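In what comes next, subunit A is part of two complexes: it sits with subunit B in the first one and with subunit C in the second one.
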Partner chain A sequence: MSVRNDVAERVPGGDAGLIVAVLLVIYAAYVLAGVGLGYSVRGQLNTIGVLTFYIGVFAMLALALNLQWGYTGLFNIGIVGFMAVGIYVMALVSKPLYESGGAAQVGGLGLPLIVGIVAGMAAAALLGAVIALPALRLRADYLAIVTIAMSEIVRFSFLSGKLQQFQLLGERVGFGGGSGLILDFTNPLEAFFQFFGLWDAYLGFVSAFEVIIPNNPKPVVDGLVYGVVLLGFVAVYFWLLKRTGESPFGRVLKAIREDEDVANSLGKNTNRFKIKAFMLGCALMGLAGILWLMTSGAVTPNFFRPRITFFIWIALIIGGAGSNTGSVLGGAVFAALLYQGPRYLKNLIDTVIPNADAPSGFGPAVSPLISNFDPAPLFFYTIDSVRQLQLVFMGLVLIWLMHNRPEGMLGHRKETAAGIPLTAPRASEPAETDGDDAGGGSGE
Partner chain B sequence: MGIAETYTRGRQFAITRPGSVLLALVGVVLLFDLIAGLATGQHSFSGIGSLVWDGLMRGLVVGLAGIGLSMTYSILNFANFAHGDYITAGAFSGWATTYLVAGFGRADVGALVLVGAGGSVFGGTLGIGVTTTPLAVVAGILVAGIATVALALFVDRTTFRPIRDADGITLLITSVGVAFALRYLMQFVFGSSVRGTTSQPPAIPLYLVDGAVRIDAHDVALVVVAGGLMLGVHLLLQMTKLGKAMRAMADNEDLAQITGIPTERVVRAVWVIGGGLTGMAGYMFILWKGTLGFNDGWLLLLLIFAAVILGGIGSIYGAIVGGLAIGLTASVSIIWIPSAFARAAAFAVMIILLLVKPEGLFSGRSTA
Partner chain C sequence: MSDPDVTNADSDTARDPAGSVPGAETTHSPSLNLGSSGPGVGEEYPLQVDGLRKTFGGITAVDDASFRVARGSLTGLIGPNGAGKSTTFNLITGMLQPDAGTVTFDGEDITGQKPHAIANKGLVRTFQIARELQEMTVLENLMLAPKGQHGEALWRSVTPGFRDHVVEQEEELLERVWDVIEFFDIDHIADEYAGNLSGGQRKLLELARALLTDPDMLLLDEPFAGVNPSLEKRLLEHIHELREQGYTFLLVEHDMDLIMENCERVIVLHQGQVLTEGSPDEIQADEEVIEAYLGGNV
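What follows is the complex of A and B.
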């Protein structure tokens, strides 16, 4: 533990410095790999944009989960449900009114994006309250099963034909059912810049990129800028959760995690604290869901399968539950190494060894190996099915982590529950461990 | 007992258990709606009979697979999220055997072992069914059980045993990792297509007032196998020392250990019994529904959790009754609600019961 604290102390800038350092290493690795393969500037920038996007969303979601699990000890494995409610309600509110003949089967209420975002967050928080009110009385593993069941109920509801199209306030609205919902509101990035009156300036900024990307730089630049916006949101989440954690409210949450009965006996209404923390976390998950999907053009219910919930759990466990810095690092490492890494690796291998005809199934891949010791088809099949195998790999990583490092990279850190620094920067070890013993919770 | 006394007791019950009263009211309303529907001809007796039969069959699968989950839940104290993928593993191993036995010489061995991955061979073409290829089906059931026992023991040895003393949440998260690795490894090997596995089994129409409820040979096979296995487990746990040791361990592991119960051996026995039942349940599930995909077990898992919690963790009768209740809910609820919400209704029943009676229906009567 002291070793890791030393690392954080040796990096200039403390926690923020550590995050920046890890991000720089990740980007450097991706860029170097791209350079080595002779990727074009456009391809490089595209890769970085996509990578930043995933780092942003996973860091946000891991932070929100850290509030629920790391701080309060609420075992929520229904994260996708809250994300789905967030984006669907946001779409309902913000999609333009229905016009016959348009591409979209259903319309929305046509309100500004920001109203939709707030409504989506509120709906996610409300769903959280509905789940939390009764379920928080239950054991942690029951809460887990209730939340995952809830997330599946949400998915089935959006899949069902009954909610595909209905009337609300006299408008034809709906959730699109299994065929998906077209998100035909204003481009969020455009709305964002127009809000500040900077849209023309932004378009000028984009055309400046024509120097390095000759034709149509807008999609690439859009991706990069949206990634930066997401990182801005990560910073806001981080700040918000740090403030929450250091507030008296956060101290009660940590006390609940350590021992709810003690917190109760000290006169804290623990149920109310838990519900508030749960709702705040759910609202943040809803917002993260909105930010993840609102630029994707369409959304289908089957995107919200439970596996995304587990991605976020893996991210949090890698980083270390109970630590906000760890959550961001975990999100970044997960996105770069486990989520995007294998896919990027596949592209790399495809460039080095072009495989025109990868076998379509395991059978044709293995039979040459058995009959004449030809491992090539199996190798190509393995490369081709990287999307499945990366999930196998994630599972193994999760097992390995729980065996060897359940506290993650930065779990069990002493996070002082005070808004003001109690020690001088770079203070010695004993002074820092003086605070409460509320560093991590993944192993408890 | 006077009317006044009955009234007072009823009022007290209503005050102490408002949730139960509300539930009873909802039940009465639903029942009334059903009777009204039958009377007006909106529902047919045979239609409802078919739904009930379908629900019972689904419930048997859920209950059979739930016994293993319930046992590990009570003795090892964690919710095993890999259980669904044990079901799938059992199904794939068993069906590979069935395909091999039924189709040997008629199709490529590789295609048979991979259960017709990518449409290379079809169960319907091979004429697989309990009446047409009984030997292949029996071999499949046995292999499904044995392979799943082996898998469960292997996973326990490599994954759960090193962290045996960790708390339930750590083990739960680990089991999620196991589930991921297993499921997508199976997808890697067997492909992601959902394949048909059986040919149309012979069926007997059973006349019920205004139509027929069809009961086919695979329904009967499921009833026989599931009933036999449940009875076997019941006898095993009631008659042998092993059952007693399991109950002791579920109650207090430390105490069991200092009284000389070889806890590790009991744990192994739990995996053997639970894994065997789970694998065979997986096989029978596929035989009954006639299709096989790599996601089947996972999709069933939440229903199994619902059943086990509904019945009370640790009770095998609870798992069976809970399974039947969940299966019936998932099937019969479409009388009242759109079919897209049938699965949601089963989860809702579980959530409501957790609130009204969090210890489950058969609480405190743990048998294993």
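What follows is the complex of A and C.
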């Protein structure tokens, strides 16, 4: 067989089992590291909440990108622009109406959150269509150029004073410009539970946590629960995209990725398929942007720098483009090891060695090492610069991956693009398998 | 068997899905009865090319070429290197836009239409260098081809309830595809990535894939290039068998002997123009053709 037999095939529960197993390993590693270094329970739970949050958003975004790049071969490096449009349009629709004297400089249309979310996704999809229509007719690389330019245009548009505040349907609305936009709609978690009439039950659930977190457990529990909600969204994305991939539609997307001329010469209107796939991916990116930022209280345009786009690309490459399971795993591993890992490590070290003063620059960090072989200042300097070094580390991982495992951590996977398992439909190939007593009766 | 729900959304393929593919060994009576005009019905010359012209910069690749292909025939298109054979193919199938002239298929002017639209009318091509979809398995390659797949609409593939119909149709398609796989004797590599196939197997796969689109007429661009003699013989047998079932073939080929032995009509292109046209015997006796091939004139 041409498929590499991986660990993946020995995990019970198939792909879902594999994802759960990897998540458990990640959480166990975090908890063990925390316990070993004497982290508080509150700190532990907080860390888990934040970790889950990033696993959720990166997995969702990697899945959406996998539809565009892994399946269809569409080179989108403007992901962050679609996220920005998602959350900004959602805020515009769902922020409460403007009231003078309030904290917010501008209001919104005051519609329910769910309307805002749908509007944000629709806006991201529409932007995707506008970009795709001219660019898809050109060669693939042009789409990359157009998308990254678009993401910067989006960021600068939201920075612009012209869009800071304007009238829409007689209401004072706007995008807040460079100073950001306060997201003063109902707390999404509260809205979510109130929708199901479970808000009081939830508050009871929160107070039950006072046993382990004596004072004010709510922020911690909120973080954890929101993380779980995000994992639920990951599951929905996964389900949706798996169905999309394992269908005749997904088959055409794969064919476009392999050779668009062939798909065309077999009678497939490839432009239409490409635009559909691109729009769906963009809508999912918009939703991921909404889910990433809707609980953050405020949003500023400069959050949406291209680096986030490249983080998502790294996550997808780690997992392996073309595989939905790989996308989820890539998102999780990226969030745990490359994105949160170094920061967590720094926090842990800060807890263990609380009063270490990091040198202010590279010179003071290195000179003790040279003059009297004291590595401590350099060590603390390195730890203190972990956020900058993180990018270097990501780069190294990316280079290593491209050299040694370009097909991603799961290796070459056969995720068949069909609604049914593609095996011989007739088991009645008489030549090879006759003679055993089990098949004897059914042969007649 | 044929569930009305499965077939009704399918405007242009209202025919029995099971019967639309040539079965193994046994010669079906022509089974590709397309709604209006199946093989052997309708226009006597399904493909007519009139005054076709294409220039690239200062070079005239195709210069006022006119010819027609008779229904149910195996017609060869030959010519020395640079005669414009591949460009002609690209112009007919919509991959290139002609500067002048018309292409008529089944009585309909298809000049300048999109490749997918032309393919959907039943005029399907293969490529000179076999262009299999490498990272897809042989089965995926073949399952891609059939027309009128409900599941190609995204919403049907993901919406619960509707997906059941998609799955049902996939099962029917797999049956059809498996017939073709057996016909071409490639069942042992059905689960293999197309990129791992040998050159000859790729050519077989390409022909099989083109057939699964339910064409009226096939344009084969050098189907025997890089194919070993025994596989070439098999491919030829398949082509003859299919022709007897009513398919029309236009074949670009370099191998003169092969063309002369197998085609009933031969069109000779030279410097973008149709030099002559006739039966193999007439072509072989034609002074001009010999000169063109030996590089004698101009």
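We adopt the following convention: the second predicted complex is superposed on the first by the 400 of 444 C-alpha atoms of A that agree within 3 Å, B and C clash if a C-alpha of one lies under 4 Å from a C-alpha of the other, contacts with A are read in each partner's own complex, and residues count from 1 in each chain.
We take it that a residue touches a chain if its C-beta (ideal position, glycine included) is under 8 Å from a C-beta of that chain, and two chains touch if they have at least 3 such contacts.
What you see is a predicted model, and the numbers here were worked out from it, not measured in a lab.
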Following the overlay on subunit A, give me a clash-or-fit verdict for subunit B and subunit C.
fit
Touching A:109 in the superposition: subunit B (first), subunit C (second), both, neither?
neither
Mind working out whether A:276 is in touch with subunit B, subunit C, both or neither, as first, second, both or neither?
second
Could you say whether A:335 touches subunit B, subunit C, both of them, or neither, answering first, second, both or neither?
neither
So, does A:403 touch the first partner subunit B, the second partner subunit C, both, or neither?
first
Would you sort A:189 into first (subunit B), second (subunit C), both or neither based on which partner it touches?
neither
After overlaying the two complexes, what is the shortest C-alpha distance between subunit B and subunit C, in Å?
12
Subunit A residues touching subunit B - in the complex, by the definition given at the top
75, 134-135, 137-138, 140-142, 144-146, 148-150, 152-153, 156-157, 159-162, 307, 310, 313, 317, 360-363, 366-367, 385, 388-389, 391-392, 394-399, 402-403, 406, 442-444
Residues of subunit C defined as touching subunit A within the complex
93, 95, 114-117, 119-120, 124-125, 127, 131-137, 139-140, 143-145, 147, 149-154, 157-158, 163, 166-167, 170-171, 174-175, 178, 187, 190-193, 196, 209-210, 213
Help me check something: in the complex, which residues belonging to subunit A touch subunit C?
1-2, 240, 243-244, 247-252, 254-255, 257-259, 261-270, 273, 276, 280, 322, 414, 416-420, 422-426, 429
Over in the complex, which subunit B residues touch subunit A? Could you list them?
78-79, 110-111, 114, 117-118, 120, 159, 162-163, 166-170, 172-174, 176-185, 187-192, 302, 305-306, 309, 338, 340-341, 343-344, 347-348, 350-351, 354-355, 358
